[in-house]
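Listed below are the structures to be examined.
Note that chain A is present in both complexes that follow, paired respectively with chain B and with chain C.
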Partner chain A sequence: MVRFLKKSSESPSSIEKKKVYNSLEKNIQEMKYLFSSNRNKDFSMRSLKIKFNNKEGCLFYYSSIVDGSKIDMHVIKPLLENEGNTVMNVVSIENIEETNEFSKVIQYMNSGKVILFIEEDASTYAMDVADFQHRSIFKSENEPTVKGPQDAFTESLNTNLSLIRKQLHNNQLINEGIQIGKRSINEVNMIYIKDVVNNEILEQVREKLNNISVDSVRNVELLEQYIEERPYSVIPTVLYTERPDKATSYLEDGFIVLLMDSSSACLIVPVTFWSFFHSPEDRYLRFLYGNFTRAIRLLCFYLTLMISASYVAISNFHSEMIPPDLLLAITASRERVPFPLIFEVLIMEIAFELIREAGLRIPNPLGPTIGIVGALILGQAAVEANIISPIIVIIAALSGLSSFALADLNINFMVRLMRFVFILAAGAFGMLALTGVFLLFFMYAASVKSFGVPFFSPMSPHFLSPEDTVFRKPVKKELFRPGYLYPKDIQKKSKS
Partner chain B sequence: MIRVIVLLIFSILLSGCYDRIELEQQSYVIAIGIDKTEQEGVYSFTYQIANPEIGSAAVQSGPDEPPTEIVTVNGSDILSSTYTANSFVSKKITLDHTKIIVISEELARSEDFIRVIQSASRTPQIRRSVQMLVSKEKAIDFINNNEPIMEKRPHKYYQFMLNRAVQTGIIPKSTLHRFFQITEGDADLFLAIYATTEQSDQKKNTEGFEDKYIAGEIPQIGGSPTQFMGSAVFKEGQMIDILDGEETRVAQMLDKTLEMEDYLATIPDPKMPEYRISYNYYQKKEPIININYYKNKPTEIDVNISFQVEVIAIPSLIMYSQSKKDQQTLQEALTQRLEEKTNALIEKTQNSYKSDAFYWSLYIRKHFKDIKEYEDADWHKNIYPNAKINVTYELEKMEFGKMINDSNLEDVRD
Partner chain C sequence: MQNNGYLRIKEIAAMTLLLVGIKLSDSTPALLAQKAQNGFWLIPLLSFICIFPGFLIMLYLLKKYQDKNLIELMEAITGKWIGKGIGIVIFLFALLTITFDSRNYIEQIGLLYFPKSPTIVLFFIFIGIVFFGAKKGIEVIGETSWLFLTVIKISASLVILLSLGEVVMQRVFPIFGSGITNILTEGVKKASLFAELFFLLIAYKVTKASSMFSKGIVIASFITLFEITLFYFVYITVFDYNSIAKIAFPFHDLTQFINLGNFFTNIETLFMVFWLFAAFLKFIIFIYLATWIFGEIFAIRNFEPLLLPFSFLVIMIGQLPFNSIINELILREMLLTIMSPFFIILPYVLWGIAWGKGELK
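After this line comes the complex of A and B, so read on.
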């Protein structure tokens, strides 16, 4: 085992040191060896006689990730026909890099460049002709809004960047690339506004990214788990979104956005509870309308966390709290149910989770089946079979439905998980335990920090901010950027 | 560390659920009746238990199931006899949702009443907001005879019946809390709801004042046999008399702690006494009660009540709305009548009860340095019976409804 580890750590370092040879023959051999040309089918090479210096040359590329016509038009044709003194002046490609290390060559090859070796030349030229396949821009499906831009990120870094730059015309908007991964070197793009973002936070994120030592990080969904502080925590500390407008609004406030070429979403750090609670539409809607939806969402947050647990606690321990009409109705319907009440609630909650999970995984043509079967489990049939009482259907439906109002996937899972903890607590000691567990959870949440930012700031601890927490102020009255980020420029809008 | 966690988990698991009880394992008592028995210290307790299956849309109940189950057992206090009752009631009897406690007049008038009701204040199961009701007959008969026609479910019946009757002022709001508060304060009188299911000699409406009845006397055709009217007067935890509906209403008008919305009444038309004017009485402001306490001479109590009146019917067809002078006459007639009624009640309380039914002792307490001094001054024996009480009524506003003029009789019959 130890021997094996040693061996594997040796081989990359030997490549790292290797310089490009002066002889084309040797270089070709080396390349063929490095990329296992006899087996690798999309590894391509093309030899040619370069016109301007009258030497032999050879091009290498992966045919699957380059634009063939571009190579033809802007590389091969000029090299064969055009006159000039250097390669730079001959080919008509916008991006050419020169290098003399094989390690770089490998990296360039993998990122979709064509490599040119020339006889009696100890350096190579990498020309960007990459054409990675990706979807075109679609409507945002997981975070839909009625009012507001509809486009969503797609699996292409350049497209995503263009979506951001389209909204933010600012020369201070920086796109900084950081390479991570050992075997597959991927690039994470850190986007921020230079004269707003706090340097310490920026440095912290940069350090986190540089410290990731792993073979490969394929996409931002995995990256999220590499950069978060508490992987076992129920509370998320990184915001994940597929909406460019949401990302841009966070950039403007001094947050940092992380993008990768392979994901149709971005990460936003640092976050607070409010970032999960808000939806971009709250800001697009007028002051009153937006705050109304916030109020509804807050209610949903409470309902989905607490309603099942409260029902268990009240009916098992505090029946005097239920109005007599309701009490008698519940009692009557429960007389024929064989299970304890807490068990009933758990059955329904789990049934709802089942439907949700199955509905997510079921192939599209079978989709309608879920509706039919789900209605059976969650509806009249279950009541008639005397497995549950009708009020549980309402409770479970209410708690399930409310959870959808919390659109962010991370916070959604947090709430769904905590719900079960609350139900069990309520079943053990009633309201006492429910209050206790909620208090503990709340205390824990308040202690969580995301890149040094307390989870409930700017509400507690208090910071100068746009005061956009549960409710928001009219847009015209938001004077400051969030103070908990310590931005370089806190003033967003001058008074008057 | 792991041991501690395991210990913690086990202690939670083992101690959890200790007072958990499923809803369907309980029987909910709506009304409790207390009666005397021949034996000293033993009372008979009647529990009216709601049948949850009645009125529930989700469950079809058997056609013969009654809306309530009424059981009576003998015992020494409210709670312990519920366990005796479990020898024939199948579920745990829970008193959490009790709406009223019915006490027979016989028991209420006995000295032992305070002993048996005391346990109601001790148990957390009985709310302090439970209403106390004194029935003319035995409580067991009251509960058994009480057969609401529309609201079959007992909790709904009591809720609606008491709410509305309290709003009109013919019965007082008589919570258990107020009973203990007044009884232990050792001043003032407590008014409890008076009701019956037995019809007694029906009084003729001789004076024409609508509510000069006590329960059982109201001529009634149709409807439920139970009548709620008037109040039982408790002094020092023992019932001493009955006030009729009108007196109960006056008492509530004078009492800041009780709320009465409005009522309809009539007075003889001051200009044509053979007809009667109906009006709606509102009391929007609290009465102003001023007490001047003197150590050596009678205490002065000044009460000022401002009220509003909406005239509803003027059968004499006199145009009161058009003449300032006529309005003045009507106004004087109104205040005079109210003052008469009030003074009569105050006289009754001063002379025969020797205490007030208006909770006025609240406003004299500030004149004393400590409780002992206040108790020595003795509200029951000394202060109230000798006090000079002056009640004035002030008409704030008089309205004449949506039509100002009545039909002109001469124009109609030409």
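After this line comes the complex of A and C, so read on.
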């Protein structure tokens, strides 16, 4: 086994050192060997007689990832017809790179370039004719807003970048590429504003990316799990969004955005609790309206996290708190239900999660059916069969519905998971355990750091910032960038 | 121990407010009312006057001897061994205060909300949560204190607001209760009501700048004094002196007394939630400080693993008193009476020695 491992790791390194030969014949042999031309159907080569230096030449490319007409018009035609003294002056391709290593050649081929070998030339020319297929830009479906730009990222790096640059006309906006992966070499693009971003955080992110040592990282969704600090933690430390306007607003504040060619979303680091809590629409809405939605969202946060647990705690341990009339109503509704209360709540919460998960996976045409079945069975039949009491349906619906107000997927999962912990705590020792567990959860969250940034900053520990936490200030009064990022330029707007 | 300089004035103030200020809601009023009767709301005022100048001297000394905390300061002034000796006394005071107080709090929780649960189970749950909280370190504790302070204080203000209707002003007379001499002696004897301020000094270097620590703790001391006096005043005017001496937990009795309109008539659980937050945080802060003092004395830099044995110790010692009456009215009273002269005199002695050695120039 060890020998086998050793052997397999040897072969790529031998390619790495191999230089391009002087003879065209040998180069063609090597290329055919490297790309297994006899089996690989979309590996294409075309020999031609180059006019300007009157030598034999050969082009290699993957037909599936290049633009055929572009090769035709801008590479083959000029090579066959045009006069000139070098390749650069003959072909009309915007981006040409010269190399003499086969490892580079492989990388260029994979990224959609056409490679030109020439007789008696020990270097090759890689011309960018890539045309990877991708969706066009669609409306943001997972993070919709009523007021605000509607476009979402798509699975193309260049398109995504253009969506960002469209909103941020700044020559300091840098797009830095970092290659990761051993077998499939993919590029992660680190986007930041050079004269705002903090160098230490930038270096930390760069180091994290460089230290990833795996065969391949296909997309940002996987990248997220490679760069986070606590993989077992319930609390997310990387923000994931598909909205370019959200990404841009974070860039402006000195955050770092990570993009990859294969994902219709980006990652934003570092994050705080508030990045998960906010939605871009809060800022597009006027001051009062935006803060109203924030207040509603805070309520939803409480409801989805606590309502079931509070109900369990109060009705099991502190029933004297409930006003007598309501208490009688609850008791009457529970009269014929055989299960203990906590069991009832758990049944309903799990049922809701079931509907949710099934609804997500179900093929589109069947969608409405599950809604009817779910509502009918869980809402009505279960009550009529005395499995659960009607009040639990209200509680579970409230907690399930509220969870949708927390748009971010990561925080949504965190809340949905913690809910069960709270229910169990409340079932065990009422408010004593519930407050205790909540306090511990809160303290744990406070101790979490994302790339060195405490989770609840700037509220505590305090930093100069736009003070955009639970509520936000009027946009005109936001003077500073978030100080917890230690940006190079903290002043956002001068006081006047 | 982490120190990123995240703690500032407000976090220190929040910790002080929670650690000292929560006295308004435990059984201390009953303890004080035994002798002073309806003049007992003046006692915190007198205690504060007794102990606060000394505390300011401590802050002054800490400022003079820069980069030192409570234990290091005493070692620098009195020499290594005497300093450590005084340190151990302070540590024992802290540990005993935690123990008696926690027993007291457990009894409150048990009596009022979980009458069927055995004390030991409640003790394990309570101190267990406190232990895991304290494990998070002083910065997280400070931040959490600040973030929770707002809601805790809002709920406390709500209690005051709702109880205003029950207040009968005439009950405050005779203003000195059982007599001015009684009040004065009790005031001095119970000066250690504010002894927690001294324990907090161990965290002197935790803030970004030491001036922030001093400012935070001084501001918070005055707010605490105001709060405690206000609440004691409300107790005396709502319950009158005869019942206050018999009511073990006036805060909880007050919350059972008040209504929020005609529909919500039993809202004590609502206040109990915030009171529990405050209580958890108090003991989290307290046990962390005590362990820190111990770690400083025996030069254990990484003292946080000691939290576990000390938490266990607190539970075990907390079990020893036969019942809450003995715990509260005999043991805790004795401890307070012993601690008072110690903390009143200690700063002056330290200051005298330092002055004598000519280190204050």
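Brief remarks on what is shown
Please note the rule applied: the second predicted complex is superposed on the first by the 494 of 496 C-alpha atoms of A that agree within 3 Å, B and C clash if a C-alpha of one lies under 4 Å from a C-alpha of the other, contacts with A are read in each partner's own complex, and residues count from 1 in each chain.
Going forward, a residue touches a chain if its C-beta (ideal position, glycine included) is under 8 Å from a C-beta of that chain, and two chains touch if they have at least 3 such contacts.
Keep in mind it's a predicted model, so treat the numbers as computed, not measured.
Once the two complexes are overlaid on the shared chain, A:Pro454 sits against chain C while remaining clear of chain B. When the shared chain is aligned, chain B and chain C each come close enough to touch A:Glu320. By the touch criterion defined above, A:Leu328 reaches chain B but does not reach chain C. Within the superposed three-chain model, A:Gly427 lies in touch with chain B and out of touch with chain C [touch as defined at top].
In the superposed pair of complexes, A:Gly436 makes contact with chain C only, with no contact to chain B.
In the superposition on chain A, A:Ser399 contacts neither chain B nor chain C.
Looking at the shared chain after the overlay, A:His462 reaches chain C, while chain B stays out of its contact range. Of the two partner chains placed around the shared chain by superposition, neither chain B nor chain C is touched by A:Ser275. Chain A residues 317, 320, 429-430, 433 lie at the interface with chain B in one structure and with chain C in the other.
Of all the residues in chain A, the ones that touch chain C in their complex are 314, 317-318, 320-323, 429-433, 435-437, 439-440, 442-444, 446-447, 454, 456, 459-462. Residues 315-317, 319-320, 324-325, 327-337, 340-341, 383, 389-390, 427-430, 433 of chain A are the ones that touch chain B when the two sit in their complex.
The residues of chain C lying in touch with chain A in their complex are 4, 6-8, 10-11, 109, 113-114, 117, 122, 125-126, 129, 132-133, 136-137, 139-144, 146-148, 263-270, 272-273, 276-277, 280-281. Note for the complex: chain B touches chain A at residues 12-13, 16-17, 19-24, 26, 28, 30, 50, 52-53, 55-56, 58-59, 61, 94, 96-97, 99, 125, 127, 153, 155-156.
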